[in-house]
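Each chain gets a letter, A, B, C, D and E, in the order it is written, and its residues are counted from 1.
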Amino acid sequence: MNWVWVNLDLVAGRTLDHLVLTVPPIILTFLIAVPLGTIAHRYRATRGVILTAGGLLYAVPSLPLFIMLPAIVGTSIRSPLNLIIALTLYGIALMVRVVADALASVDTGVRQSAIGVGFSPGSVFWRVDLPLAGPVLLAGMRVVAVSTVSLATVGAVIGVQSLGSLFTDGFQRGIQEEIVAGIVATVLLAVLFDAALVGLGRLLMPWQRVQAGGSAVTRARETA
Amino acid sequence: MNFFIAAIAWLFDPAHYTGAGSIPSRLLEHLGFTLVTLVFASVIAIPAGYYIGHTGRGRRVAILLSGGLRALPTLGLLTLVGLWVGIGLEAPYVALTILAIPPILAGAYTGFEAIDRATIDAATAMGMSGGQVVRKVEMPLGLPLLIGGLRSATLQVVATATLAAYIADVGLGRPVFEGLKTNNYDEMLAGSILVILLALVLEGIFALATRLALRVVPTASGLQPDLTR
Amino acid sequence: DPIKGDTAPSSSGDTTTLVVGSQDYYSNEIVAEIYAQALENNGYNVERDFRIGVREVYLPDLEAGKIDVFPEYTGSLLQALDKNAKGGTKEEVHDALADAVPDTLRVLDAAGASDQNSWTVTEDFAKKYNLTDLASLKNVTEPITVGGNSELQTRPYGPKALKEKYGIDIAGFTPVEDSGGPLTVKALVDGDIQLANIYTADPNIKSNHLVALKDPDGLFFPDNIVPVVSKKVDDKAIDILNTISGALGEGELVDLNSESVNDKKQADVIASEWLKEKNLF
Amino acid sequence: MIEFRHVTKRFPGGTVAVEDFSLVLPSRKTTVFAGSSGSGKTTLLRMINRMVDPTEGSIEIDGVDVATVDPVKLRRSIGYVMQSSGLLPHRTVVDNVATVPLLRRVPRRQARTDALALLDTVGLDRALADRYPSQLSGGQQQRVGVARGLAVDPNILLMDEPFGAVDPIVRSELQQELLRLKRELHKTIVFVTHDVEEAFLLGDQVVILREGGRVAQVGSPAEILARPADDFVARFVGADRGRRALHVVTQDGAELLMDSEGRVAGVLGHGKPGTGEQPR
Amino acid sequence: MIEFRHVTKRFPGGTVAVEDFSLVLPSRKTTVFAGSSGSGKTTLLRMINRMVDPTEGSIEIDGVDVATVDPVKLRRSIGYVMQSSGLLPHRTVVDNVATVPLLRRVPRRQARTDALALLDTVGLDRALADRYPSQLSGGQQQRVGVARGLAVDPNILLMDEPFGAVDPIVRSELQQELLRLKRELHKTIVFVTHDVEEAFLLGDQVVILREGGRVAQVGSPAEILARPADDFVARFVGADRGRRALHVVTQDGAELLMDSEGRVAGVLGHGKPGTGEQPR
């Protein structure tokens, strides 16, 4: 414990590095996965392709991806950008399926009746599909956030500074406190992101509070 | 693109097919390591998941615990346990078993929970004992979701087993690390390609298994537990 | 090649900003930090690009002038630059290195402190087979497994060289990626490996009663710490770095490393305390 | 007046949901489509507001072919009510009722005032206005659905099994409420159900449908009951099993009406046929 | 004979589903529990085969307190049929029917033969024997459910809204089938429904339940209809709105029976009360 107090600035610095590495992928994931997932949901023909591609992408191990990506997109192997792209790809791989499933889980009765009373196609998407898919989307984003935070530590192996650097450095110097501090900080950061997302969900989906959690939501969260 | 050509050349270099650390032996090590890890994780997670799914007890704890386990960085665990027990396979087994537990656990209990309550009620009403309900109803009907959980655990373990080479002379992570440390990009890329191929093959096998399981349970259509891992 | 980083802070025309780099190794980072603080205390702007990785990763950046100051090890760097280099005394190696570096780089004065590669065994193992130097490894009747970082396999002093120079047969290689750190030591003590590549400045040698075998045939080159600098480094800065090398005497590095490993201090703290203690800048 | 002219609907899969269907639905009357599952009732209803477009034939509302009207505009001029699930779960009751007026850019404040008034119309307490649908009972949800259908004051109200999901006592209350609305509002109502009793209670004109939207019989409840067109209709309305063939049996001093299976259908009275007033 | 003695069921959450309920269900007769949602019908039914154990009071079957019988054994001696979803989706039709006999170690071959015979009994084509439940229509699934309930030749058959999920024509067919089985098999049947018509059609004894399993009225259909015990019963059976108060109206030469709202309920005939034979 003493180590942590003495080296608080180091932990803080690595945490900051970690934030820089993980916040952009989480946001980018959402911005890219929602349209992609919507396309997969809307057009049967694209569904197979998009979802399979996502599944396969997720099968690519992180370390090799960090290594291969530079050869493909031309970044440098040590560049944080490389890591951000890789983490975003993982996020998308995970999230497109959730988006497609979430949209599919929207009660057709509610959709049909909205169309029936005169919602235009745009209104149906923005005012019905998206909010009703919200809880499942949120569940998916929570998983994305946690796994992004956890995955980013692997970057330390190829020399991208993050909380993972506390593992490699502590390992070299044989300082267990440093490794434990890294693990705890990673988990805390994940919990923090998770709580932030839950809070955001509460704010954006006030109706959720009055109803027992839908089964699709709990399922999405737990099987993740 | 020429990186890939060089990597493929590395892959087809006959020199890499003999002796210790040859491609086939690395592949087998990787596969073996993955399977053993899955067995460890299954032995822990499936009974626990079945218990939770059948009784509905301990669910909150399980959710919290899986969430926490999922946030645990594998690299951190690997190095920490490595410092305790030294080099060799113990630390990778511990770290990766922990990684594999949450999806299998979730697959096991959501598999039970997704079963129509009425089906279980009817089985009970007919006079099945608790054990019979588990064996004859819940286990077969929960199978597709369990397979889904195993599938996502497998993918994660195959992928992450690369890191085991950080403290053990095992698996396809070896060429990756060796290439990384010796500036041999071809070797690194070749190792990566092998891991990805292995992951894809296993994914294919699971897709097949899921289809077979769905044949056993014709109504459990489209159950996809692995929307996230 | 993607390994060639493009992220090293690029030096602008402003000569007062210097980029100091370090390997992905805590001991090297301490020395780099000493350089950095000394330069800062003398009015230079310093950008730290530490923990870059192994030599293969940073050398291209160094040669390209993206890094201005880098703590190096004379023998290892010489062997990296010239595969056919011959060994010798520490002065000979230093001179050879000065010739071998590309024109874009300069090698300053070497420090007395060195961090030598060494082949190390446990005290018990040494006693059992009566080991003193590498040649005596022939006495060993059991298979010898070597442990060390991946890159050790391709180094000119690696298992292959042991066979060539001393005729020692190595049964196997176990990779341990902590640069001769605690895990390697533990593996050695546990008997998982019999021979490990551990740096002579590693405080673990002392605390774990390890024996670094002598190297009469010069398998390892002397590895004195030496600043390698770019053209951007002016005379004043060179003076500063040479002063540090002068103060960094034999054995100093073991103490510095011990502060990191045993006292668990951070590099910047160790560096500033050392500078204060030596009354430098 | 709504007129179906030789309407056929073939779905992409090949199912012919409706085949060569022609019918006139008189204004300000209630027409009920009754038939078993899959007989094309919903499809017929949805062709009126263009949620489904016919493959062949045309539908006219007061002489205007609906195919020539912008579907979104058309739908906003027609009320639509369906089984419970139709409310937006993420909007409060009053917002649900006011959605379409708001889409039509009625000012917020006025839309809300109108919506509250509509809650009165359908017999809902205004105190429920700020609840979410999930906080209401099934019957209350259905009332909100009806209020929403009425929100744009449409001439036509389409109702697709609106009371199918609630329990029998509540259902009967909702039916009475609808009878009251019918009398008060004089809308053209098209109502879908698979419950014969409900069809006979609510319909001025009842259309009994077979598979494929083929008309088995059209007429007033009395006409259909008195002279079922064929076996199918007889079976559907329950005449075949003698459920509608009643006899008088005196038991415990009361004159009971029994069907041919000995099941009691009612008690014989000697008053005038009812005027629709409830005798409470 | 099944006898409820002062039975109360309080669920862990605090809901009192059934309170101080006492009733005798005569052997070889059909007793129907009718009541709206949440009135405790299912709870009452499930206390008979110990799927739910009462908090207070006892239930006796032919004088034996069920609490003293091993629940698994008890359930294997009582047939149970519920809404469609109860079949095992991963077993074929014939395996579903044979489940309990197999659990009781009846030899495979014989269990199968018996199961096929039961398919005949419930009017199902043997050709369907090797299909999975999902490959059957809702009505066919219900027949399989009934066959399964009969598989151990139980004296008691519990049926929980067995026809709630099928469409009206099929429902009416299933009801007729059940009436036939009643006549042929002479089982003690306990039937739950919230449809009054169904209750009156099938029940020898009908129990109208209020909230909390409180008995509003018990009696034969005729008794209940002739003299509803109170407003609640009157409303429930539809007597209050005059739906059961019928008058004769002559129209187009037929004597129609109309209720007080002008809805046609039937046609007056002058034959004898039916014997239950179908006039087809």
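Here are some notes:
Keep in mind that, in the parts below, a contact is a pair of C-beta atoms (placed from the backbone, for glycine too) under 8 Å apart; a residue touches a chain by one contact, two chains touch by 3 or more.
Being a predicted model, the structure only gives us computed values, none of them experimental.
Number of steps on the shortest path from subunit B to subunit E, with steps defined by chain touch: 1. Any chain that touches subunit B and also touches subunit D is listed here: A, E. Comparing chain pairs A-C and A-B by the number of C-beta pairs in contact, the larger count belongs to A-B. With respect to subunit E, maximal separation of chain centres occurs for C (centres as means of Cα atoms). One finds 47 Å separating the Cα centroids of subunit A and subunit D. Subunit B and subunit C, compared by their mean Cα positions, are separated by 40 Å.
Subunit E has its Cα centroid 87 Å from the Cα centroid of subunit C.
Centre to centre, using the average C-alpha position, subunit A and subunit E are separated by 52 Å. Not a single residue position of subunit E touches two or more of the other chains.
Residue positions 3, 82-83, 166, 180, 185 of subunit B are each in touch with at least two other chains.
In subunit C, the residues touching two or more other chains are 2-3, 57, 182-183.
Two chains count as a pair here when they touch; such pairs are A-B, A-C, A-D, B-C, B-E, D-E. If you check the complex, the residues on subunit E that touch subunit D are 36-37, 167-170, 172, 176, 179, 194-197, 200-201, 221-223, 225-227, 235-236, 238-249, 251-252, 254, 256-274, 276, 278-280. Considering their complex, residues 46, 49, 51, 72-77, 79-91, 99-100, 103, 131-132, 134-135, 145, 148-149, 151-152, 158 of subunit D touch subunit A.
Subunit A meets subunit B in the complex at residues 55-56, 58-65, 67-68, 71, 94, 97-98, 101, 139-140, 143-144, 146-147, 149-151, 153-154, 156-158, 163-164, 166-168, 170-171, 174, 176, 179-180, 182-183, 186-187, 190-191, 194, 219-224. Against subunit C, the residues of subunit B that register as touching in their complex are 3, 20, 82-83, 86-88, 165-167, 169, 174, 177-178, 180-183, 185. If you check the complex, the residues on subunit B that touch subunit E are 116, 118-119, 121-129, 132, 136-137, 140-141, 216-220.
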